[in-house]
Structures are given as C-alpha cells and as structure tokens.
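We just call them A, B, C, D, E and F in the order they show up, numbering each chain from 1.
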Amino acid sequence: MKLPKIRELIEAIKALIVGPYTSKFPFKPHEPYPSFRGQPVYNPDKCVGCLACEEVCPADAIGHEDITDSLNPKRKIIHYTDTCIFCGCCEAACIADNEGIKLSNEFDLAFFDRKTAEESIEKDLQLCEICGAVIACKDHLKWIAEKIGELTYSNPTLYQSRLKSLGIIDENITSVLKDHGRSDRVKILCARCRRETTLTTV
Amino acid sequence: MDTSAEQLHQGKFNIKSEKGDETRLFIDLDVCAGGECKECVIQCSYNYHPENNGIISVAELATYYLVCRKCEDPQCVKSCPQDALEQQKEKDNLLIRHNMLCISCKTCSHACPYGTIYPENVPYIVHNCDFCLDRRDKKDEPLCIKSCPYGALSLKPKDIELPENTYLAGDNLIIHSTHWEREKA
Amino acid sequence: MKLTLRALLKSPWVFHLSTGSCNNCDIEILDCLTPRFDIERFGMLLAPSIKHADILLVTGSCNRKSVIRLKRLYEQAPKPCLVVAIGECSMSRGIFIHSYNCPLPLDKIIPVDAYIPGCPPKPEAIISGAVKLIQKIKGTL
Amino acid sequence: MTIVYLIIYGFLLTAVLGLIAAWIDRKITARIHYRVGPPFFQPLIDIIKLVGKETLIPKGASRAMFISAPVIGFASVVMVSALLWGSNNNLFSSFLGDIIVVLYLLSIPSISIMLGGFASGNPLARIGSSREMKLLLGYELPFVLAILVPVIKSGFSLKLGEIISFQAQNGAFATYASGILALIVCILCIQAKLGLVPFDCPEAETEIISGPMVEYSGTGLAIFRLMKNMLLFTLPFFLIILFLGGFKFSGITILYSVLKYIAFLLVITVIRNTNPRLRIDQAMKFFWGPTTGIAVIAVVLALLGK
Amino acid sequence: MAKSVIPIGPYHPLQEEPEFFTLTVDGETVVDIDIQIGYNHRGIEKLSERKTFDQSTFVIERICGICSTNHPFAYTRAVEDIIQVEVPERAKYIRTIIAEGERIHSHLLWLGLAGHFLGYNTVYMWVWKLREEILDVMEILSGNRNSYAMFKPGGVRRDINAEDIPLVIKKIDSIIPTLTRLKKAIIDDPVLHARLKGIGILTKQEAIDYCALGPTSRASGVARDVRKDAPYGAYDRVEWDMIVTENGDVFDKVVVRILEMYESIKIVKTCLQNLPDGEIDLNIKDIPPGEGIGAAEAPRGETFHYVRSDGTNRPARHKVRAPTFMNLPTCKTTVIGETVSDATIILAGVDPCYCCTERMAVRSIKGKKLYNGQDLIRLSQEKTETIKKKMGIK
Amino acid sequence: MTREELLKDIKDRFKDDIIDFIDTSPTRVYIEIKPESLVKAATYIFKDLEARFNIASGVDTPSNIEILYHFSIEYLNVLISLRVKLDKKKPAVASLTPVFKGANWIEREMHELLGIDFIGHPDLSRLLLADEWPEGVYPLRKDYKEWDKKAIRDRGV
C-alpha cells in the first residue's frame, strides 16, 4: 500500500518551511498585468464626442446629456462605474483612434454611494444655425473634416467648423440671416436643415 | 437591394408570407422625412423584436434609394471610421450600411453635404421592417400606418400604375417624393 | 460601544450570498480565502451561518426567486451588519438590467454600505474595498 | 480570596493563555495551507466583537436556558481552571477528591453546549446537541479510565496537589509505559472535548462554530467561543498536571513548562489538520472500542507498577 | 426512522451558487431527490434578443463565470453557422487557447471543492493555489481573470502578443509538477478509492438515456466530446486524446477531469507554440436571416446554442443549453439508493453549476428539516473517515 | 451509413410526415415535420439512429410557435433539427419525455417560458420562475410585456 498521508505530511511540512504564498496586497500595491481591463477613462482631449461608445456599450454604462440652454452648449458624457462590465467595447469602438476612452489598469474602484459612481467629461456642442438642433460636438465635425480631407469643401458645415477651429473665422460668429435662400447653405447645419436647404435652393 | 429588410422578404427566411402579397407599403418621403419624425411615435407590429421600429429601416432604405445623390467620391463612405458604409457599384451606387460594422457614430450623417442621412436613421440597433407581409390583408393592417399622425404611410395595391414621382424599391416598397427624381425602376 | 465597533472592524466575519450571479464574483470571494489572498490576515472568516456574520457579501442580480431569501436572511443577521455589494450585478444589475427576472437593484431591497465594482472584481479589489469600508467606518468613530 | 483566585487565575490568566493558544492553532493551520493566517490579537478581537453584537434569541427557543447555557459552561471552565492553577501553584492545599470535581466540571462545557443547542429550538442545533451528547458518552469512559492511571501511580491519591508533588519527586508519569498509553487516550479525548477535527461532528465547519451554536449570536456566541479557547488551554494543562508534573515557574523551568504546553498544542493542531471528520457512530465506536481498550491496558499496567 | 426530507441549499456557504435539492431519505438511504432551480434565472435568452450579436457575447459570457468562454464559443459558432463562414486560422488558435485555459481552471476549481467535500480542506487550499497561476495566464492573455471578453462573431477581440507567450508557457509549465503530485495523491489514494469507487454509478445506458455530457458521460464510457466529434477551433490541428473511463462512478469522474487537465495543458502549449500569423477577425458585415447551431465542449460537457437571425443585427431567438441542464437530472438515478453521506459528492461529481442551467427554489418544504447542506458535506466527510478507519489509516 | 443514406432513409420513412426538408450545410439538416408525427420521428432518430438529444428550442414566430428538437448523430457529425410548428393560440404537442428522459426539464422549461403544453409529460410544474410570477405570462413570447409595475429598468439611483 502506498502511503498517501506521507505525501500530505511532506507537503504540509514543505508549506511550513517555504512560507506563505500570500501576496502582500494591500500593504504593497498590486500591479495588474498591462493587459488588464480596468476602469474606462475618458480622455477629453482625444474624445470627439460622437457617442459611439454609448451605443456599443452592452451594459448601458455610458450615458450623455446635452446641455443646450446655455450660451455655451455642452455635451456631457457620463460613464457609470456601477454598471460597466469592463468589457472594452467602448475602447474598441472609439472613433478617435481608440483613444477617446481607454480602459485603464485601475481596479480598486470601491465606493459608498451610487450617486457618486460616475465619471463625466464635457465637450462643446455645435448647434444648427437655422433650427438650433444639436448637430454634433465641435470636435467631431473637425475630426470629420480632417478625415475626409479636401472633400470637406463640398460641405459648408464641415469647412466652416474647420475654419473656426483654425481661427480663420471667429468662433462666435453665427449668421442671423434667415432667408431660406443661398446664404442658408453656407451655415453650419444639421442634416435635416441641410436637406431642406438643398431642396429649397435648387 | 440587399438591405436586411429586403432579404427578409426575398424568401431567404422561413417566414414566407402566406397571403397578402398583393399590396405594397407606400411611404411618402415628402410628408415623412420632412415631418418632425423625431416626435412621432410609431408603433410597429414587427414580431421578432417587439420594441422594433421598422419605419426607421424603411426610411433609411428610401432615402438611400431616392434622396442620396450617389456621389462619385462619397463623403459619407470616406468619413465612416468603421468602413460600414458601402456604395454598391453593381447596384446603381446604392448605399448600404453593414449593420454588424456600424457603431452609430453618426459621422456619415454629418459628412453628407445633402443631409441624406439623418442621424436617427443610422441607429446602432438596427430595426427591421418585414412589411408586415402576413398582415396586409387583415383588418389590423400594419400598425405603422395607423399610428403615423401625418398619413405618410399607406398600403397600395400591387398592380397599379406608379404615378408621377413614385418609385418602386424592391418588391414591397413604394416611395413617393416630389423633390427627388430618379429614373423609374 | 466604541471598542466593540473597533473590534468588529478587525474581525469582520463575512457571509456570502448569491442572488443570481454568474458565479464569477462568488468564485472570487472564495478565492479571497485561498492562499494567494488569505483574508484571514485581516481577521475575516467566512461564516457558515448568517447569525455569526458581520458583513454580508451580496453578489448577483437579485432575481425574483432569491430576493425573498435575501430579505429574510438580512433580517436574521445580528446588527450591526454591513452589506457589501460585490460586482456590477449586485449594484445596478449590470448587464442584466433589463432582465424580466431582475426587477430591482440591490440597494432598493436592503441598505448597502459599500459597493465593489468589477465584473468580476479582482480579489485585490474586494480586499481593498473591504479595507476602504473599514477605514470609512473608522473615520466616523 | 477564592474570588480573587477565580478571577485572576481562573478567568484572566486562562483566558489570555487560551486566546494565545487559539491564535497559534489558527496560525499553524494557515501556514500548512500556504497562507499567512490571522494576526496575533485576532481571537481576542473576535470575542470583543461578538460581545458588541446584537444577541438574537430565536423565536422557538426556551429563553432562560438559551441564555444561561453559555454562562453555565463558562463558569465551570473558570472554576476548573482556578482549581487547576490552585493545585499547580500550591496556592491553597487541594482538597480530597478535587480531581473528581475537575473531571465533573470538565464535562459541563459539553453539557452546556448541548443544552444551548436544545434550547435554541433549531433542528440543526438539536442534531448537533444530540451528537454532542453521544460523543460525551463516548469519550467519558476512556477519559476517566485514563485518568485513573496517575491516580493509581501516585498511590491512589485523589488530590491534584499530591499528584504533582509525587511527580516532582518520582518523575513525570509520562515516562512510564502506562502513563504514555493513558496520555494518548487523553489526547484523543480532549480532541473530542475541544470539538476539533476529527471529532468535531457536533459542529459544522472547521474554524467556525455551528451546529448547536447556529442560533447563537453576539454575547452568547462570544462566551461559547471564549469558553472553547480557554478549554484549549485548560485541558492540556490538566493533562500536563496529571502526566507531566504541572507547570513550574522558577528559573529555566518556565521555558520547559511553556515547551510542554506548546508540544501539546502542536499535537492537537497537527491532528486536526491532517484528518477529516469522523462520523458520530464511528467516533463512538472508536472511543468505546480501541480507546477504552488502551485505557484499560494502561490501568492494568499502572496497577502492575509499569 | 421515518422518511425525512433534507433540503440542501439554496444558500450554503461552500457552494458558490444558490441551488436547492431536496433529498427524501429513508433512514440513511436516499429514496427520492427533487432538484429545484431558478435562483439564478436571469432571462438571458430574452436579454440576448435585446442586444446586438456583438453585445450578446457579453451577456452569455455572464451566463456563468466558470466556463465563461465556452458559451461565447458555442454562440459565435452558431452565428458563424448562419453565415457559413470559417474564422481566420489565428483566431481559431486563440479561441482554443482561451477555452482550454478555462478548462484547466475550471477542473482545478472543481477538484478543490470536491476535496473540501471529502474533508480534505488542505487539498482545497493547495489546488486553488495552483489555480492562481492559470488565472494569471488568463489575465495576461485576455485582460481579466474570468470573463475574458475575447470572442466575437467572426473572430476574437484581442490578439495574443508574441512577447507574452514565453511567460505564459512558463507559468503553465510551472503547474505541472504540483499537478502531478496531486494526481498521484488522488489516484493512488486508497481512501479515495474506497470513498469514491462504486458510488453514484451512472451506467452507460443511463448516460445515453439522460443524454449526459462531458466528463459525466465520458466517465461512463460514452465517448462524447464535441472537440473530437465535430472538431472546431484548432482542436483538429493539435494532438490530444479524449479521456474515457468505463465505470461511471464518482472516482472515474475525478480521474477523467484530472487527466483532461493534462490534455488541456498540452493543447494550450501546442497552440501557443504554433500560433499562425494573420487576421484575427473576419469583420462580418451583415448577418443574413437564417438559423444556426453551435456547440462547444465546456469543462462540464457540451454547450449548445441555437441562434436565429432575422437579418437585423440582433438575434431573433437565442436558445442556450448548458451541459448541467442535461447532467443534473442524472442525479436522480445516481443518488437514489445511496447513503446520505455520499449524496453530496455524487451531486458534486456532476460538477453542477446552476448558472447556465438556470438561465433556470424557494419552495417551502412542509416536512421537517433535519439536515442541511452542510450536514451533508459533513456526513460525506465522516464517511471518508469511516473508510479510512476500515482500512486502518488514521 | 453515410450521410446521404441516412437522409434518404429518413425522407423515405417519413414521406408523409415531412413538410419541409432543408439541407443547409454538411453538418446541419432541418426537417419540418407534422406535429402529430413528432413522437414517431423522434423515437426513430433517437432509438434507431442512436442520435443524442441535444435540446429543444422553442421559438415564437409571427404565425406559429415552433419547436426545434436538435439531435446530433455523432458518428456522422450531423445535426438534425426536427421542427414542428404549433398553433399560436393553443400550442400543444406530445411530450417526448416518455421516449427519453433528457427531454423532461426542457419541456418543463418551455411550458413555463413559452406556454407550450406537452401532452403526456409527467410533471409540468414550475422550474425556473418565481412563485409570484403570474399565470399565463410567458417571458419568452414575443408579446411579453413587463407585468411588474414596481420593476426599475434603469440604474435606479
């Protein structure tokens, strides 16, 4: 008969000699492997505010709020830590070269009040100069303009945004004219007004 | 026209309608797309996804079909970060949005100079319209028709002569628009 | 009373309760007992009976069937008893938020003292969450 | 004077030593598991914490019994400890038959657990209690037999003090064959008395008290736990008195005394960590069969003077 | 002794999940078992219809954490079955690596818990210590210890970095010696032989009748393994053996699982060493209407997914069948007639996990509650001791 | 037996029962069958062809309630799905539990979640849903509406 107890005893004695396997955490900080999927963090400089991350999030952990009643309309993008499942979809979908939102290595996220479990960034919003509807974030329009290069110049909404961002036209200039005529076509417009102006100013 | 809605009634799916092929769904883009679509509450009787709003896919299809200028060098396609939009060269430059790739960033919508693509027409969760194939001759016609406050939708018999500014898209959809012309299909 | 509360923080016995989870959170809790993490270092033990528990670790998305049990067990726990929600499921129900069988988030059912997000949280996160909670309570003493 | 003994020796000293013992026990277990284990003050903190907790009395319980059971058990441990310290230190001359009193008192903790379990009205607790009872019946016979050995060896003295002094003159009983056998039996019995693996069937999981204690919370549980921890000291202490000549507190012998105790503790811990649980009928068979046999042999040997 | 009812669960401290068995016992013998599930039902099939095909992988990954990868694996295969495409070679290998890594961790987890049920707490600790290495590997490869978020229809989400591979292989190699020691300790252990052999026998015919799966069926001599029967992923590109034993008792189930870990280690290593270059994702454009079926061999048996698409990017119906759903009812035959002490380990032998099954009770038992789950574990542990006694081992 | 022989065999044997026969890929076959012939066909496939019963999937479609019984034949690596279409108003079909025990739970589940009646099933009691779940509300039906007014469907902060 083999002696099973002996094996166990040897291992037990070994355990006593080798000492515990326990990590030093929390007395020494723990570094997860670089690939670890932790808390997603927005980078307000990179993010263009397109909200694709909100759309693709499987857990509905991202929301947004458009604040349009002020002079300075803003889009607030909110990430809810208490809902996020740290899947990385938002990062994978992010149109700003996957850098607008990035999963960090942060795992230590405990909190005590769910109301505080949110991180948000704000992006400047562009409103339609005719109907006042939200078009997109200013950065998003600039981003498109850069992406499609010279094609931008066939789209007043985009090239105006671009000129503004380059400081060629004043940020604050908005046309007040509302003549349903040709001048309408060179404003920053939402898709709906764009279609309408195209229709009415043939 | 290989949009999802199309495939559905091309019989690739096993819900072939038993009856009711003799009418087509009619959408008037002058009324609908020009209207405040955001505000209208459309009910849809599409069965597979109860929260589905099929008219979005119909509007998407109709605008690609009729409103889109089929640009030579399309801004929308070029701007799409996911390469989800495609101009189908073999299909008369008709746009198609691949629904597994699109992330609904709305970039295409902002990039199109003609405002063809409304942001709400490119949702991430794709809606589908099966044109209510099996309900068309029943009393309870497609719910969308009843619920449209502007009367943009109706059912039209299959065998009518298409009036002016009215176009046939696929087998089941008739689009009417006075603004956008197109060779009759 | 102060002393005993302090003692409670040094010797929190946890009772683990799954209300319809995917197991991962539960496994990570069990993992905390095992050699790598060994929460006995902090005096924590896994209590077999709710009567002995100081901390209730709740995981899972509170499904209709288990919610009844959850409430009953919470009532049986001797106070002071802290409740810690572990994992996204137990906070907001995470990805199961629209499930027909998960009508309420945990903190609408019983009061929750701390939340440890993660899906599943790393054992390190659980430990540091517990430590944070203890520190917070110490602060109020 | 007696009161002071009770408090200082019976309670304070024993409790402190018992808590230390509990810590050593848990620590060694953890190390065998490759873990770190609890900090030094952990057992004490556990007790303090439990005292501060709400005490719930279950609905179906008989209240008085439920509350008094832990107190009875605890009191008996305090008394027995005081008695043992007393005879060990010769603080008061032990009276005739104190060994019988000790034996009697030592079974009270088990009985109190039993009573508590029955009183709580919980079916689980009841099961635990009935097991505790059976177990008690099981180990008491060999235990008494084994304890007869030192009594016989010391010339039929029923005084603890005399047993100690006899050993001081003639060497510890554990050096005799009969003493060793009796000691082994006793160790097994105290393992059962302590409710440790492999004889922890009345209680559930290894570290945590359950079974009869399933309904106890707060102070009641604290008293039971403290009682157990104290027993972890007192029982080996009793054996040391009987077989190893008690503790001495002069010069280098302190070290020797401590070593004696640690050795006992180590044996107990190792037994509990390398063995799974026994089923109750198995445990009883074990005690009434081989254990009693060994005890009888030990008694016979002792009578023969071996 | 009259018949009594033993409820096990729904919450007992050592089983991670809520479950509820009621055993009806006559004396020491189990005469009936009623299995109630539903404490874990989260309506995943319905939820999946709300999400896109892409998002659904995350929902079904959360069916259960123990084999959190085999559900997406089966599901993505079902979706790919609709489109009739093959994923790129590299993606296949990566999928296989993740799935096998998970199998190792799952079997280790089970072994630890089974050790606990038998009263070997020390084994539980030692095995779980081993498991940490595998979890580290998974964290390196996928970014989390569980819930790997690697799969998507058409490929995988994350590539494996070439620089991680040596570390991963080193970590995997490091568990082999300890595993071997454990294997010897368990397979040679006479006590375990006595304790586990011949109890909870599921005969070959019963295994077929109940449509048992995975190790449960393989231990009964039914050579069923999706990885061999209908090879997917990279399973037909690497050498490995299916472990089949004949007796169908709990001991054989243990053996099957232990030996399978070696095969898994072999597969993971071969895959890592031969990882082909190329794309990791097909970038599926549309999912046509249709229906598809996917299966994958999870640690506990075959997971089975049926997906119907209506041409949108959401499944129109998604049916999930977890292995336990088929395996758990086998308890009815295996437990009945055995003693109470054995019931736990028999139930555990199936490695039941209710999460997926439940995508499946407080039923008040009118009878007297005489034991609970813990008692059962204890009984089980006691029996180990009894046998040890008989064999003269202390 | 090769795959072709097998399919031909099934086709011939159940000539009158098969409504539709779709051979999608080398490993998948979908056979639509009349509900009344289900037991016959399933028994044949399970017993004589030694197939393994995988599971049954109930689907709520616009016009019918469908059940697909999936059988895999391992030695040929073919998965046969038997499809029956049931009347939506009162879906009922003969139970397969008497033929093989593996169908027991899934039929209970379908009964509970889809409201299909299985005639001849030994025990159609509730398996998954809570006690307070109302009768006649079937969550997997497409027309399922939230019945619980108290349910919170956002983060609930």
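Definition applied: contacts are C-beta pairs under 8 Å (C-beta built on N, C-alpha and C of every residue); 3 or more make two chains touch, one makes a residue touch a chain.
These numbers come from a predicted model, not from an experiment.
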| item | value |
| --- | --- |
| Least step count from chain D to chain F, where 1 means the two chains touch | 2 |
| If a chain touches chain B and chain C alike, it appears here | A, E, F |
| Most widely separated chain from chain C, with each centre as the mean of CA atoms | B |
| Interface with the most contact pairs, given as the two chains involved | C-E |
| Maximum centroid distance from chain F, chain identifier (CA atoms) | D |
| Rounded Å distance between chain B and chain D, as computed from the means of their C-alpha atoms | 83 |
| Between chain D and chain C, distance of the C-alpha-averaged centres to the nearest whole Å | 35 |
| Euclidean distance of C-alpha centroids - chain A vs chain C, Å | 31 |
| Two or more partner chains touched - positions in chain E | 13, 38, 41, 43, 46, 50, 54, 58-59, 62, 122, 125-126, 129, 144, 147, 290, 316-317, 358, 362, 374, 394 |
| Contacts with 2+ other chains: residues of chain C | 34-36, 38, 41, 46-48, 63, 65, 68, 92, 94-95, 97-98, 100-101, 107, 119, 122 |
| For chain F, residues contacting two or more additional chains | 60, 129-131, 139, 144, 155 |
| Touching chain combinations (by label order) | A-B, A-C, A-D, A-E, A-F, B-E, B-F, C-D, C-E, C-F, D-E, E-F |
| Chain B contact footprint on chain A (complex, rising order) | 50-52, 55-56, 93, 95, 135-136, 140-141, 144, 147-148, 151, 154-158, 189-196, 198-199 |
| Complex contact set, residues of chain C against chain A | 35-38, 41, 88, 91-92, 94-95, 97, 107, 113-119, 121-122, 124-125, 127-129, 131-133, 136 |
| Of all residues in chain E, those that touch chain D in their complex | 13, 118-122, 125-126, 129, 341, 368-372, 374-375, 378-379, 381-386, 388-389, 394 |
| Chain B-facing residues of chain F, complex | 60-63, 142-144 |
| Footprint of chain A on chain E - complex, ascending | 51, 54-56, 58-59, 62, 122, 126, 129, 136, 139-144, 147, 149, 157-158, 161, 164, 181, 184-185, 188-191, 393-394 |
